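Across the two complexes that follow, chain A remains constant while its partner is chain B and subsequently chain C.
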Partner chain A sequence: MEHEEAKKTTFWANIGNFFKKIGSKISEKAAKKAGSSNKTQMLEWKKDGWKATVCLAPALIILAVFTFYPILNTFLVSFFPDYNYVTDEFGSFGFDSYALVLQDATFWRAMGNTALMVIVSVPLSILIALIITVLLNSIKKLQGFFQIIFFLPYVTNGIAFGLVFATIFSPMDYGLVNTLLNAVGISSVGWTGTTNIPYWAGLFVITVYAIWNGLAFKILVFLSGIQGIDKQYYQAAQVDATPRWRVFTKITVPLLSPMILYITITSMMGAFKSYSSVVSLFGESMGNGQNETFITAVGYIYKYFNRVVHDNISWVLSRASAAAVILFLFILAITGIQMWANKKKVHY
Partner chain B sequence: MEVKLVNLTKCFSKKEGNVVAVDHLNITIPSGKLVGLLGPSGCGKSTTLYMIAGLHRPTEGEIYFENNEVSKFPPEKRGIGLVFQNYALYPHLTVQQNIMFPLENMKVEKKEALRRAQEMANLVGIGDLMARTPGQLSGGQQQRVAIARALVKMPEVLLLDEPLSNLDARLRLQTREEIKRIQKETGITTIFVTHDQEEAMSISDEIVVMNFGVVQQIGKPQDVYNEPANMFVAKFLGTPPINIIPAIVQDGKIMMYNAEFKEKHNLDLSSIDGLNIGVRPEYIKVDPKGKYKVYVEMVEYIGRDKTLIFKFDGQENTCKAIIPSEVDVLPGSEINIDFKRYFIFDKEGTRLL
Partner chain C sequence: MEKELYFASDEQAKKYERIRKVRLFFVYFFLTICALFTLIPFYWMLATSFKTAEEVQRIPATFIPLQPTFQNYINVFSGENAILLRYIGNTVLVGILTTIFEVIITILASFAFSRLEFKGRDVIFALLLTTMMVPGEMMIMTNFTTIARLGWLDTYQALVIPFVASVFYIFFLRQNFKQIPDELYYAAKVDGNSDFKYLWKVMLPIARPSIITITILAMIGSWNAYLWPRSVCVEADMKLVTDGLMYLFQNEVGGTSDHQIMAATTVVSLPLLIAFACFKKHIMRGVARSGIKG
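Let's look at the complex of A and B:
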């Protein structure tokens, strides 16, 4: 028993040491980066390092198993076209999967759809969220009530959204939008759920859905940001007879710019990953019947990934991985450009 | 432009009930003068300033600029320049953009706006810092930018809210002279708020001493200092502060602790049982033939002068006197002093003499 106990402690001590090493390396680096040569501070870092590591361990382990390992594996698999999901045999190295993906018209349609969502819905939803936030912030009565109303979508189930949107954009004459259209003499449009959805109509529904879906969180972030802005800036602007629009563009927006950058990046990433919105609106086929009109990049990946399970065609998982890597590179590049471009425009 | 406040009142309704921040204020601020609103924190001086600016709406009373009533006007219609306590410079704009901001609102032509901004920046002495952002400036420089921004639209009235409170001691001295200079050069009616009596005394043409939302005294700094209207004003002005010696009337004599107050006075003592005698530290002189015997506790040398800390017989706390440094006094000794001047207040603080 005693022996076992000792063994146990050495085992854990070893693990502890391992993390300690990593921890202290990181902390040393951080300390160096902060320009601090204070030795006592370094010692404290080292002393507390293992405690921090232990506290972080559960999260790190879960992240390692479910995030870091799959990411690495995805990269790996994408370069082995013959990778077999069931036997875990890699086969030979090659770029065939990338070639196949890049030559696939469906992939480019998926990327096109995704790009449209990113370009249209993200800026629109940010602008709308900003305007709602400013209006919300300028009312005094019932502000809390409206805050709750605007935040409700955030805690609402996605399937419930889908059902509500299915009713609003039903292709039948009794659909909410179609009823309105009929009232002004326009014939019904097949917004969703038929085999004959016009491309523009489908995109319109997706955009409305995406904007509305993302609004709650954006308003929350902007509102907390706007309430952190010193009221005296607004008083100063008022004394100087600043028109309202100028107050918005010259004071509110620049002072909110860190939040706007954060929201832009996260919601662009979100838009790049959009899949569930399309599925909940158009079903798993993501479009008119089987022809995947509104397929997204993630939809494409998911489709090929799924095919493995059903058909056991080995190279398809590699194709899905290759598509995922391409999507990753896109997001990386665009985020990088954004960070770089915003460096001069964001005021911390 | 002359600024006149008539019966100006501001109540804030709070949970505990209404708080009267400013109580029927009547002040006339003459055109082209630098006037300091002075008082302890919470006395309503900033509220008064914000009412003049239009950021607070008066509960009662009127504000006149020359002969126009402006109480109902929003801030932007009043033609005032306001410098906030923490300057409220837009952190994302350069000094130049900050100063030009009001001009752009007025749709002044770009070239003209640039010229005026530069001119104003030169006036306040930051002409070479136009390309910097407020974060890259020192407190004193930021303060000048704020003044330049307030002045560039050529307002009729300049309002300054505790303009020097964010500066260190040395910079404060320097900046208050700057404010005085800028005010003299522009000739603009300027009202500023401060809780620092020294600051108010040194630069104001006139000071308005306030307490609990009520004006205590208005006048030239030196006059207010020399002839305070009541004990509050006497105590509030001057460092070290005035000695207030509580006295009681006994057998027709005024007794300060165990010492008799021997100055001539024409007070009718029959109806008075207690008084406060105010003597400024510099009104005390050491004289072997002096009327009052006191015990010296401590002597502090402060360069040109020395501070005497002493007690009357029977006194628990201490009094202070400022005497020339060549007068020899030993701590622990007994000396005689005289009052060169004194004020007499009743127990409530109203001045009697």
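Let's look at the complex of A and C:
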């Protein structure tokens, strides 16, 4: 899940460069045209144009139907509160869906939960991943062995291991964590399940699972980053007898800062979109039955979307779309801020 | 780098060596603890899956099954949960189909974007890149209505077709193709080779690691897909594993059938773990590359 995000964000940095390149290319071509019209060049172009059509057609057709059209359509639907997907009737234009979402207490609780998950789990998991990476990098024996163990959570099924965590944090006395707590004289906590989960307990389980699940990718990225750092910096530090802590804060962290920023963005997006982990831990109702205690931003969208899919209620589709557009704007804003911070702070 | 150090006296060197050993001990100690925390869920899943119905509810919980039993696995394969096998089959089929189409479509598209010259190439490519900023939640609703109107609900094509073209993979492979020097292309042209022969004989072999990466990531993706399969395939026969697991057990989480659930999650988790054991290097390198490259 997080990795999905990771894939997307890498290219953000490139997109800027890419547009710049296009700009210069267009002006180059204009200059060429203005100069001499090269006949062979023109012929080559036509030939390639035919080949390009063949090569690109499958990709572009699929993307047009399942990527471009849905983006535009979701925007549209969000402005037509009575949209009916069965008949494709749009009804009248209005902002009612946005008003409904923004006035809904559940929506703001979902945003609050999501924000809390982001604020707690992202810095914590990045810090742990950094520490593990630095230690991992300092050893020679067993490095590969530890690396494989830390990577294992990456190749697990998110829902399946959510169920495993639900068993470990079972609310009953026979759960692993409750057994350990009872052994030291603390009474059982209702960590998971569908009823009577204290807010802090549920959030704790979500955080532990998120960290467990996300460390693998972070360690992998940090480790390949740290191994790319020039050894001379460390040798210089050693000659000066620099304390380890200063080496960490003054050399490792600054030189890893592009990776750290990248991981921050991707894991924030991942945390922002938590859904399946919550569902596997607390069931489809996302905690405490009708209260939806641990509902997330994406969970809110899917709650209405699921009503369209499974209960055949067409009119909530517009509301789900409006919530999706709001989520999109939030993500855009966060990424924008981070890109700006990237320009200011990151040391290359 | 440690060996490059020089010391004023042997004593100093010894002292340094001692400190180094103590530090190393703590490093290994800490890493071992972290590794144990990473492994606990795997262990607990396995241990619970071998417990009997009585033992699973024993207070306090036992860490090692007292009377290990295969009964839970037998139930997964033959009892009422046997449909899980069908879900695994569905997932493997969908994963393979998606991957095959995806790889072909991606190779063709990235070839066009990296090697061919045609009008509007950069504009189209830029347009594709901008869609990567849009979260999947924006698309899933309309895609569902599209699939519903096509009459594809509860079919395999609903699970495969929307995912066979991925902007990310096209970008990923295009970057790779771009690194192949132009000289090779001109040489192939001079020798009278066609573009497609060049693609087949030169570009693909060079970009093989990337194509393996795409294959692996696409497979992991299908294995983990949850919401989309859940939405377009409601029929009990057509589910994929992730949704199937939730469908079978969501009302029993943390309840009295933990041993059954854990046997099922073990069965579901094993294929990926086995694949990981076989392709460790490829998978780890692939994930790291797709994360950092760009």
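Please note the rule applied: the second predicted complex is superposed on the first by the 277 of 348 C-alpha atoms of A that agree within 3 Å, B and C clash if a C-alpha of one lies under 4 Å from a C-alpha of the other, contacts with A are read in each partner's own complex, and residues count from 1 in each chain.
Everything that follows uses one rule, which is that contacts are C-beta pairs under 8 Å (C-beta built on N, C-alpha and C of every residue); 3 or more make two chains touch, one makes a residue touch a chain.
Keep in mind it's a predicted model, so treat the numbers as computed, not measured.
Colleague: For chain A, which side has the bigger count of touched residues, chain B or chain C?
Modeller: C
Colleague: After lining up the shared chain so the two structures overlap, which partner does A:P254 touch, if you call chain B first and chain C second: first, second, both or neither?
Modeller: The first partner, chain B, only.
Colleague: With the two complexes superposed on chain A, say which partner A:I126 touches: chain B (first), chain C (second), both, or neither.
Modeller: neither
Colleague: Please indicate which partner A:A322 is in contact with in the superposed arrangement: first for chain B, second for chain C, both, or neither.
Modeller: neither
Colleague: Of the two partner chains, chain B (first) and chain C (second), which one does A:A241 touch, if any: first, second, both, or neither?
Modeller: first
Colleague: May I ask you to decide whether A:V189 touches chain B, chain C, both, or neither, giving the answer as first, second, both or neither?
Modeller: neither
Colleague: Check whether A:Y233 is in contact with chain B, with chain C, with both or with neither, and answer first, second, both or neither.
Modeller: Touch status of A:Y233: first partner only.
Colleague: May I ask you to decide whether A:C55 touches chain B, chain C, both, or neither, giving the answer as first, second, both or neither?
Modeller: A:C55 contacts chain C only, not chain B.
Colleague: I'd like to check the shared interface: which positions of chain A are touched by both chain B and chain C across the two complexes?
Modeller: 235, 238
Colleague: Where on chain A is chain C touching in the complex?
Modeller: 1, 3-4, 6-8, 10-15, 18-19, 21-22, 25, 44-45, 48-49, 51-52, 54-56, 58-60, 62-63, 65-71, 73-74, 77, 85-86, 88, 128, 132, 135-136, 138-139, 142, 146-161, 163-176, 179, 182-183, 192-194, 212, 215, 217, 220-221, 224-225, 231, 234-235, 238, 259, 262, 266, 273, 275-276, 279-284, 298, 301-302, 305-306, 308-310, 317, 320-321, 324-325, 327-328, 331-332, 335
Colleague: For a test of understanding, state which residues of chain B touch chain A in their complex under the given definition.
Modeller: It comes out as residues 53-55, 74-77, 80-82, 84, 86, 88, 90-93, 101-102, 104-106, 149, 153.
Colleague: Applying the document's contact rule, which stretches of chain C touch chain A when the two form their complex?
Modeller: 1, 4-5, 24, 27-28, 30-31, 34-35, 37-42, 44-45, 48, 56-61, 104-106, 108-109, 111-113, 116-119, 121-126, 128-146, 148-149, 161-162, 164-165, 167-168, 170-172, 195, 220-221, 223-224, 226-227, 231, 234, 241-243, 245-246, 249-251, 253-255, 258, 261-262, 265, 268-269, 272-273, 275-276, 280, 283-284, 287-288, 290-294
Colleague: Which residues of chain A touch chain B in their complex?
Modeller: Residues 230, 232-233, 235-243, 246, 250-251, 254-255, 257, 347.
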